[in-house]
């Protein structure tokens, strides 16, 4: 994806270091931005009366829909942080669904989860062999793995599932549920608070309520993996070495880091995370494997990762955005998305004001006009067509990226072939 | 007591014997210099000592004990540290992360490591801030990070592969002070440089290698740089001296109050004005990262100036695209040939087209003319002595010097009116260097105007008709190449001197002058705190 | 091109070959009409003791591939050859023209008009209408939900009939419609999790009867209904009796059935009897191939409800009520 | 003329052949492991390739794969990953279908009109990603993934009866196109008909080669792909090149669905083949982004597609063909890479030998003459 570069740093112009690099957003700023967004949503909810947009079940559905995407994205993050592009996430998710259900229906859901992870790891291992050892273009390998995983699971499904109760060539027998939990008092309290419909407070309650109501253990694990990933990659020696392989493998090698080893580990872990996402689909979201269950989530996960600027927190926001809009869509899409139009109009208004302050008057006027059009759409209709609803998550992603993307910063050696002993 | 003993080292690469029966003995507590032409095999030898490459034959002994390294980790464990010719730093990681990488066991990766780094930095006066991204550092600061990396690991044997190539004399002196201090503490240093004066001033022993094998050793006190050079190449050292002046009064390129700002608003180039006449070579001296890259980019059209004008003869070209500028006679020898001058994976004849795709003989109107381009490539290969078995091999398979000759040949073939030559001989061996200088001089005689940017001050002084010094994006000083010394230039390059540099008479040769310069108050020793790094 | 065609190559004996079916995408195991067609085939196989065949499609195939498949089956001597799903329309037309002596059947399509083609279509809207009547009579909150798997005309029929049935019975009852995905590739028919989320959303808006026409996704909706103690109405087959849903069966009020199996079997039988049925063979309330399942005793024994449904059914059969199909 | 380099030709052929053999062997192992005859399926599939009707299916399918893969390849040639060919060709096809149903010009105008409609639609859709990349730095990978999803919604929207939709039975269509827009095929009697637009596919392949290898623009594009920085320094405007390549890729992609649309289905309905864009990625890479290579890859792929249904009749799962597709891609690229590196090393050895011919390493006295002689 990027032209090969050499380790020759000597020639980097050093007078212009602060080319649009986008320093890490500090936590307070990030929290402020999130709080601001929530406040806006809250206003919209109160104006439109679309209570559905922030209630507890909305959020818990959003969380559930976000998990596989987030896990796939995390998988992508691990691989790319070590310099390997993993477009084979889709295939690794598929392997996860199949292995998860296959082991799950026979030996229980937790075994299934484990098997799903192993299935994904196998996909990762193959990707590692092909890209790291044979130095094949990472995209080719990923595409091939997607095809291979699809073919293999389809080939194996009839052999493994047909003849078992509830199983068929396309579906596995049912897997026992994994169990979920609701934090007793807290969940109800938050739900009550949410139901009050107060400005902001109720919306926060809805968001938090979604995190403590009817949450599968696997969801909890998945959510925990986000900070865990951050901690491992940014706060441990292991993580530092792994990231150094994605930034400048030759430098890492020169300090005695076994680059191959870390790349292998990263890609295998990447596959394992995607496999876990697959197992989530075939054990928690649905109690069985179904052909076509993954339906593009691997690609969306990859998009969420890029959206999140190769950082776990950003990725979580990206996955959450997909989960949330998808959940909006499934839970009474037309009216909810209609309410989002108002949100969009408001955001555009805010943007226009900001632009005006920065003295970009032409941009401000254009933004204002677009905002007015969106508002007119909102005011003039009661519902939006299903198709608009379905496209919402993707349009939002594009818009958000368009507004923020020039700060993207991917690992420097991402996708580049590396060979030991070639450095210097 | 020997710190390192390499015996009978042989290393073969496909088609090349990089090292052949090399012997090298480093005494403990000394600075041992390793010299040789480009491609002589110095870096390879050091990589072998550092465990990055395995020798095909030969033995390595550290402190008298024979060892065999399978990775740098083994070498580091033996107390060997290496600062590579090309920096080995990850831009997106912080200084701290770069330093602790691979040796996390020593002090962890957190507060303890930070303390240790600060401690070392203070002790050796390195002035390093652990939490900056490496990307934000200047060249000299990066160099110091590299040295810190080695010290952090508690190395007892340091390998410095061309550490001074990108430093100004004052920075070099500061580095040498550090080396002497390390030496006093009992550390051994292996030092590689092409600058023979430096070597004579700092080394205790010298080993010379030529074409992959040791050709001799020398004692600095008894050797002159000329003798050293002759050992290296087996012939006389060519010098980049300009013969008679060919400067005319016909202005070819006129730059007027050029300004270029970074996205944040900081000026990268400010108030740049100069004129280069036909037959004139204007040399720009400056520490890397002071705006040379931006200036070249602005001239070739890779970046648009924020204000100011550029004129080529009578036409204003400020708004022209790169392609148009090249078509109208601006030639370009980029500083980084791999990034800007070549398509490494493409055959030579396609590289001959690069940059001149719209011009004859490469194209006939809208269409490419591969036949003619190939024919012309053969001509360039012949006339510029590019060593290659054919024009269908990829550019990557040529050595750096030959790549450079191809680029020079390509640019000269289009008879430019104005040539931008950025480090035209960087990393090129003496033979090729002389050839490139000849070509530039020849074209100058025929009326070419040249902007020469080089880190090699001897080259700058020797080739230029006029000299300017760039500092922090401004042309702060000018000098007469006939009289100025590298030290005087160096002072201006750090921003310590401005205006017209008046020459103080020193009778010695440049190499000796440098030794003397090291003792001159005011020019030495303050380099570690040199403002251009700490400003960032 | 060289050589003969693939079908001219395989000249096996024509004896003892009976019905063959070619599946639509989703294929065997979709627990919907593909499986129902297979059930019809199995029944015929058992009854007439002949060889049968069922073949799966490939991803992203074209009409030409489908035609090739049908032709291959016909050439091998299978009779009748049934394409399951409207997607076979164009292909089946071509194949039927090439093999006028073989009887072809197509499920869910009435656009192929040839002498040797039986169009096995169903008035899903009629059964859905009855489901709407049942829903309108059962709801206490005056809100009911409809969940369609994919936003396509076939599913629009279910929705149209259901909405009409509800409105005709009680204009005050509000129907919340929801489609899961825009295209089948996105998994609208095979994502129970999506069905569940949609049902939960509707329940939150006070819906207490939910009708799902969403293939496997319906399982999720039924699960959500059971968890929230509201009614679900199933689709295609009698879902009350389905093993996979045994846990939730007490929440399944009834199912709007569509007896593809019977229809396929009847076609096979007519061919076996040397009197092939062709033309548009509509399975509707009259023929009994669509209807409401009666296996949930709570539903079957609710006399008042059954009365209203029976009346509506009679009116539909007599033509007094015209059920919209989109 | 260039010398005929036997070793080089051997290399070029050996790579794919070995790879195919490995892929077949691995597939056979899969078959064996699942207790099936490891050879018969291949025999059956090879046999299929000898039948004229299957051949036509293969060629027709390959024509679409070919165009889609060219679209992907042109992106790859300059380091752009257009993963959105799928959405672009579907949108291109539906727009052409809509125009074809609502406009009725004479055939010699109608057909070009439809082609242009498809080209512009595809280019427009890819262009969005291009503009976002150039102006906002949005990764084209994410943008095109999103645009694929949005295209799906757009298509479903167009199918609505109050937009352009015409319901036929249970099928959503865009209505039948006027006959003036139909492109007659090459009729081969009982075996079937080859899409007329196969000619277009071939022309596109030739055009692709000519533009890339014989025009200034093509050189700039390849240079940009090989090294963005070097291309920029050589006078290519990188932003414009990104946008142009994206538009070209999208324009080509827009055409990928037309062979079947104008040659057979004459309407865009629910049966319209999907996923060709994604397969195009694998095929482009298999064909190493070269027009001839892609042609072979497309035929190979189509053969696996079209010959595998026969396996169903013999008790084999045709999914083995999908497994084989994956294995083929993997083993082919691995062997390409191995061969490429081998070739590179060989070349370096040649360069080294050449240099050594002048003066042997290890230094002797004639080096003096060498240096001084300049």
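Letters A, B, C and D mark the chains in the order given here, with residues in each chain numbered from 1 onward.
Going forward, contacts are C-beta pairs under 8 Å (C-beta built on N, C-alpha and C of every residue); 3 or more make two chains touch, one makes a residue touch a chain.
Predicted model, so just to flag it, every value in this text is computed and none were measured.
Chains making contact with chain B as well as with chain C: A, D.
Two chain pairs are in question, A-C and A-D; the one with more C-beta pairs in contact is A-D. Remark: chain A and chain C have CA centroids separated by 36 Å (rounded to whole angstrom). Per-chain CA centroids place chain A at a distance of 29 Å from chain D.
Chain centres here are Cα means. That of chain C falls 38 Å from that of chain D.
Rounded to a whole number, the gap between the C-alpha centres of chain A and chain B is 44 angstrom.
Residue numbers of chain B whose C-beta contacts span two or more other chains: 339, 344.
The set of chain D residues that touch two or more partner chains comprises 152-153, 156, 226-227, 229. Multi-chain contact residues of chain C (touching two or more other chains) are listed as 151, 182, 185-186. Pairwise chain contacts in this structure: A-B, A-C, A-D, B-D, C-D. Those residues of chain D that touch chain C in the complex are listed here as 47-48, 50-57, 60-61, 152-153, 156, 161, 167-172, 188, 190-192, 260, 264-265, 270-271, 273-276, 279, 305-306, 308-310, 312-313, 318. Here chain B touches chain A in the complex through residues 43, 47, 50-53, 71-76, 82, 84-93, 97-98, 100-105, 108-110, 133, 135-139, 142, 149, 165-166, 262-264, 266, 268, 288-291, 293-294, 335-336, 338-339, 344, 473, 536, going by the rule given at the top. Residues 30, 34, 79, 81, 83, 132, 136-139, 141-143, 145-147, 149-150, 152-154, 156-157, 160, 226-229, 278, 281-282, 285, 317, 319-327, 329-330, 333-334, 336-338, 341 of chain D touch chain A in their complex.
Taken in their complex, chain A has these residues touching chain B: 4-21, 235-237, 240-241, 243-244, 247-248, 250-258, 409, 411-412, 421, 423-424. Those residues of chain C that touch chain A in the complex are listed here as 26-31, 151, 176, 178-182, 185-187, 190-194, 197-198, 200-202, 204-205, 216, 220, 243-244.
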